[in-house]
Amino acid sequence: MSSAADASAPARRGIGRALLADPMGLAGLVLVTIFLLMALLAPWIAPYDPIALDVKAKFQPPSAAHWAGTDHLGRDLLSRIIWGARLALGIAITSVGIAGAIGLVLGLIAGYGPRWLDSILVLVFDSMSSLPMIFFALAVITVLGPGTTTLIIVIVLVSFPAYARLIRTQTLALSGADYILAEKAMGAGTGRIIFRHLLPNVVGPLVILICMDIPVVIMLEAGLSYLNLGVKPPSPSWGNILSEGYNALRQAPHVVIVAGIPLVLATLGFTFLGEGLRDVLDPRGAGRRWG
Amino acid sequence: MTGVLELRNLSVALPLGGFFSRARLPILLDVDLSVARGESVALVGESGSGKTTLARAVMGLQHVTGGTVAFDGQVVEGAAGLARLRRDAAMMFQDATASLSPRLTVGYLVTEPFRIHGQPLPDPEGTARDLLAKVGLPPAIARRYPHELSGGQARRVGVARALALRPRLVIADEPTAGLDVSVQAEVLNLMSDLRAEMGLAYLIITHNLALVRHVADRVVVLYLGRIVEEGPTAQVFAAPAHPYTASLIAAEPRPDPRQRRTDLAIRGEVPSILRRPSGCEFHTRCPVARDICRHTAPALAPLGAGRQARCHFADQQQNQQGVKHAVEHR
Amino acid sequence: MLAYAIRRLGLSVLILIVVMTAMYGMVFLVPGDPASLALGPRATPELKEALRERMGLDQPILTQILYFFGNVLQGDLGIDVWSKRPVLEQILEVFPNTLILGVVALGWALVMGILLGCAAVVWRDSWADRLLGVLSVSVISVPSFVVAIYALIVFAVWLNWLPAIGAGEAGDLGSQIRALILPAFAVGIGWVGYLARLIRASMLEVMEAPHIRTARAFGMRERDIVFRHALRVAIVPTISILAVGFGSILSSAVFVESVFSRPGIGTLITGAVEKRNYPVVMGTVLFMTGFYLLVVTAADLLIARLDPRVRDVLRG
Amino acid sequence: MSVLSVEDLSVSYRIPGGRLRAVRDVSLSVGRGEVLGIMGESGCGKSTLAAAMIGLLPAGASVDGGVIRLNGADMLRLPVDEQRRLRGQSVAMVFQDPMTAFNPVLTIGRQLADFIGAHDAARHNRADIAAMLEKVGIPDPARCLGRYPHELSGGMRQRVAIAAALLMQPDVLIADEPTTALDVTMEAQIIHLLRDLRTSFDGAIVIVTHHLGVIAELCDRVAVMYAGEVVEEAAVDALFHDPRHPYTRALLSCDPAVVQPGIGHLPTIGGRIPDLSALPPGCAFAARCAMTDATCASPVPRHRAAGRSVLCHRSKA
């Protein structure tokens, strides 16, 4: 079915090109690609085993053998950072992916479903997002105990209400739109309206929000690991490296400095990419935003 | 005689908000209206008269609080009834561009009615081309997206889509809103051609009286959600029975500097539906209102020859002249 | 107006109750009872039993929840299982530190953010505007605790200008201020960028509005248009974002307090989480949520005061 | 003596890959006590022309040439601050959409006071403002001043807008589609109000609209615009009863309000306006004109006669 009449694909031609033309978007794309490659290829590109001890070589500053130096147990910091990318992106992408899916479904139900269900769901979303994120996360960790699974659950729980709210608001706004009324007036069923007419118009903002959320999630993972409430050592989470380095701040400041860099670059990369995507996908407000 | 569309005591009231409040705000009150096969009826009123609500209520887009909608002699009930209505009746929206789903091509959009109602569509491209040709658009338009169309083109795509399944009734909400005079004439001609060709009935919702004169066989005037006058177009324009209708006709600016009005047709504004006036709801603006109008609400009374009006003095021929006089030459 | 305030607060309380019930429920839904989780695997059954009784875990769950809320209403957030001190007392002891940190961080961010945002509007589309744009996006995304650690290395360890840890000596205002500088910098920096963006975006949006064109058509000075007409409209969305953002300021504070070993709500709760000190965790979460809801409600009321349209919608 | 005159004005917009020539060599003038109508369909340049007259061209638009004289002074070459001083004081404007023309968070009174205060703080007199509101038919002026824009109906807001424009007793009042956003009965009232004003207001009025009825009801003289040019200018009676330019004739014949009912098809103008960034040489209307011949591809002469001008090869003034 390649006929013109069936060309239902949205006008997406040139999104990639537009992104490349925007310096901020391009920088974001490059950084994100680098981190994704690091995450995917960690076993092959990391020069050392990230958890192999070499106590004799502890706290070595950056050198030819250890480009980023070693930590208090003599582990190679570069290898730990590369494996850390895998951990950080793995957790971030898994959890926002799950949260995005939950948010999309619940948001559509709330926005397009019966009013009473909407009222209940909104109360749930509001209650969850009315908690300051960190306290909610800490409460959940207290109950479930720290660890990677807990971390993912925490991130899903703290992020999905915002996604669901976004989708609900969008759906609600669109369900009053003339073209949705027009579809209904032609007799289009709920399934057709949701999947063909609502979904393509609400996922764009969700993708942007998720992309903008990834740095927040990476930060949350690193932060909680830094507080020893996230990924358990000796896993090479960037937060763990920071926390271990913090304990030897005066002795070997290079550990903390080096461990902070990927965190800064990864969050920058995803934020820039999100900004770029937003300007490309939603060009109306582009002049008003920076970029 | 049963018309293609019959509304009986149709009422719409909106909840007034407030979680526990059961109060409702009446928008449409006991509207009786019928459209015969092949007939073109215009529904006229200012903003707040409930005319768009009526269109939406007919198509099942607005919850009806009372009365019935019958299509082709059958009361529309349940999902099956609604589906049948939506297949055999079509709606054109006021904002033609906004009524087209933004991420789909024109080609898909005009053939969508076939897909919705499971009608055979062996050659979507050809069908799209035929439909577009019928409304005077080149086939290349099929590959465009709604935002790439001009106002007139979007309007034509709306017509094409409305006609896809050869409906018996088309409800057109302000079919020429936002169009230039020259384009407006093209759309009106297209609509009248298609009516002759396909035997369509139209329910045209508009505030543009000049348009009504050209396209409608019969005109229905709404004021604050009630019908205040109804009758054949020529007769209503020649001798309006309700002072509101007379005022509307007189208010329309005439494109002739030699016929300038030196008086004001109507004073005051449409009252808020939150505070409906007592008695005859038009008495606050009526140039010929009397005491009785302030406390007794008139009924919609037949005047013969298919005409009705909701005015205490409508049937008094003398008075009718008086109204006309008062409005035109105060 | 008053009716709206009461309704708004009522909803907040309802949300708070829902939240607390859900949290309480969660504790019981997970496998393993809180007492043995808190004491670890090596605890004797007698010890566990004693703790369970002290935490009220031997009662039916509904009784426990009602009991909990009953106590909360009387201002009793429970007793710390370890130190045996009332939870509320501990919270009130450290809360001022966190509050000061949050307010100072938000304050300097607000001043800088509005200045930079307005500067960007004035220099719109120049290189300065672009530079401010990239900088704002950059500082928004950089994690506050990384900023905290870097600032600590540079200003406390290498340069030795400012203290590295603590909240300063009690009663010594100078030392307290010195101890506040780095944490407030780290917590606020992201918000400088965020607010600058926000102010710029909403100002530009307002400046395109037809009523600004009207003001121009009547010959008003551009300066008067910006400060007398546009800012009044643009500030409304900023206030609501600011209130919601106070929550994320608190989140940053938790991490930053930990970096600077600064006594506060953050250090209190992270310590309690590690030790699975339920009463302290629950009490702190409840307290902070309540405080946060108060801030958000206050902001909503302020918006209703500033925007007559909102006011009327609420009245109607 | 004309209060406002436009001489050979051209305005264009910067667009990707070129310039869109929205107004081309327009010359018009309007005198005290006179009402000039500028009529045309969307895209004819009438709103751009109105914006240029008050010195508020949108971003991306620039004046390519010509002069705008207000009381003899060349507005375009005045310093920015002088230009600003003229706005509101010497030339005032009423906009199309009364819904968005006022600041939503300030009271009507505060806004009107700010408008006056921009020129002359001394005239900042509540009683004067109230008197002006009364004059435009606002029932309870003192109360209206304390209200917010959203608390007034569209018709009321348009009355306030007119009052605001008249407060400084300007020499020229420009109304851009003043009735388009209103219902018929409100439109009639605003037309009536504007016409009533002529007895007390001695300045010039410029009405910009696409609505033939509004022009016929209000104006003394009319300029018809097409594709950025004034194609015909004439006294209102002459224009409606003896139109000379083929476009004017076609436009007048299309209006459903003039066509006798029951004649079947309404007349139309085939085709579209040309691309303003790639205009053909010669007449811009030639492609849609019924009387086109070979000469139409060459530069078009402007025929002038008493009180009349026509831009056409084939029709004379």
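Per-chain numbering from 1; labels A, B, C and D assigned in written order.
Criterion: a residue touches a chain if its C-beta (ideal position, glycine included) is under 8 Å from a C-beta of that chain, and two chains touch if they have at least 3 such contacts.
Since this is a predicted model, take the numbers as computed values, not measurements.
Spell out the chains that contact subunit A while also contacting subunit D.
B, C
Between subunit B and subunit C, what's the gap in Å when you average each chain's C-alpha atoms?
54
Would you kindly tell me how far, in whole Å, the mean C-alpha position of subunit C lies from that of subunit A?
22
Can you list the subunit D residues in contact with two or more other chains?
Answer for subunit D, listing residues that touch two or more other chains: there are none.
Is the chain-to-chain touch network here best called a line, a ring, a star, complete, or other?
ring
Which two-chain combinations qualify as touching?
Result of the pairwise touch check is A-B, A-C, B-D, C-D.
Please name which positions on subunit B make contact with subunit D in the complex.
Result: residues 46-47, 150, 180-182, 184-186, 188-189, 192, 207-211, 213-214, 233-234, 247-248, 250-261, 264-267, 269-270 of subunit B touch subunit D.
What does subunit D use to touch subunit B in their complex?
Residues 41-42, 153, 155-156, 183-189, 191-192, 210-217, 219, 236-237, 240-241, 250-252, 254-259, 261, 264-269, 272 of subunit D touch subunit B in their complex.
Sort out for me which residues of subunit A touch subunit C in the complex.
Subunit A reaches subunit C through residues 24, 123-124, 126-128, 130-136, 138-145, 215, 219, 222-223, 226-229, 242, 246, 249-250, 253, 256-257, 260, 263-264, 267-268, 270-272, 275, 285, 287-291.
For a test of understanding, state which residues of subunit C touch subunit D in their complex under the given definition.
Result: residues 209-211, 213-221, 224, 228-229, 232-233, 236, 306-309, 312 of subunit C touch subunit D.
Over in the complex, which subunit B residues touch subunit A? Could you list them?
Residues 56, 59-61, 82-83, 86-87, 90-91, 93-95, 98-105, 107-108, 110-113, 115-117, 124-125, 127-128, 142-143, 145, 161.
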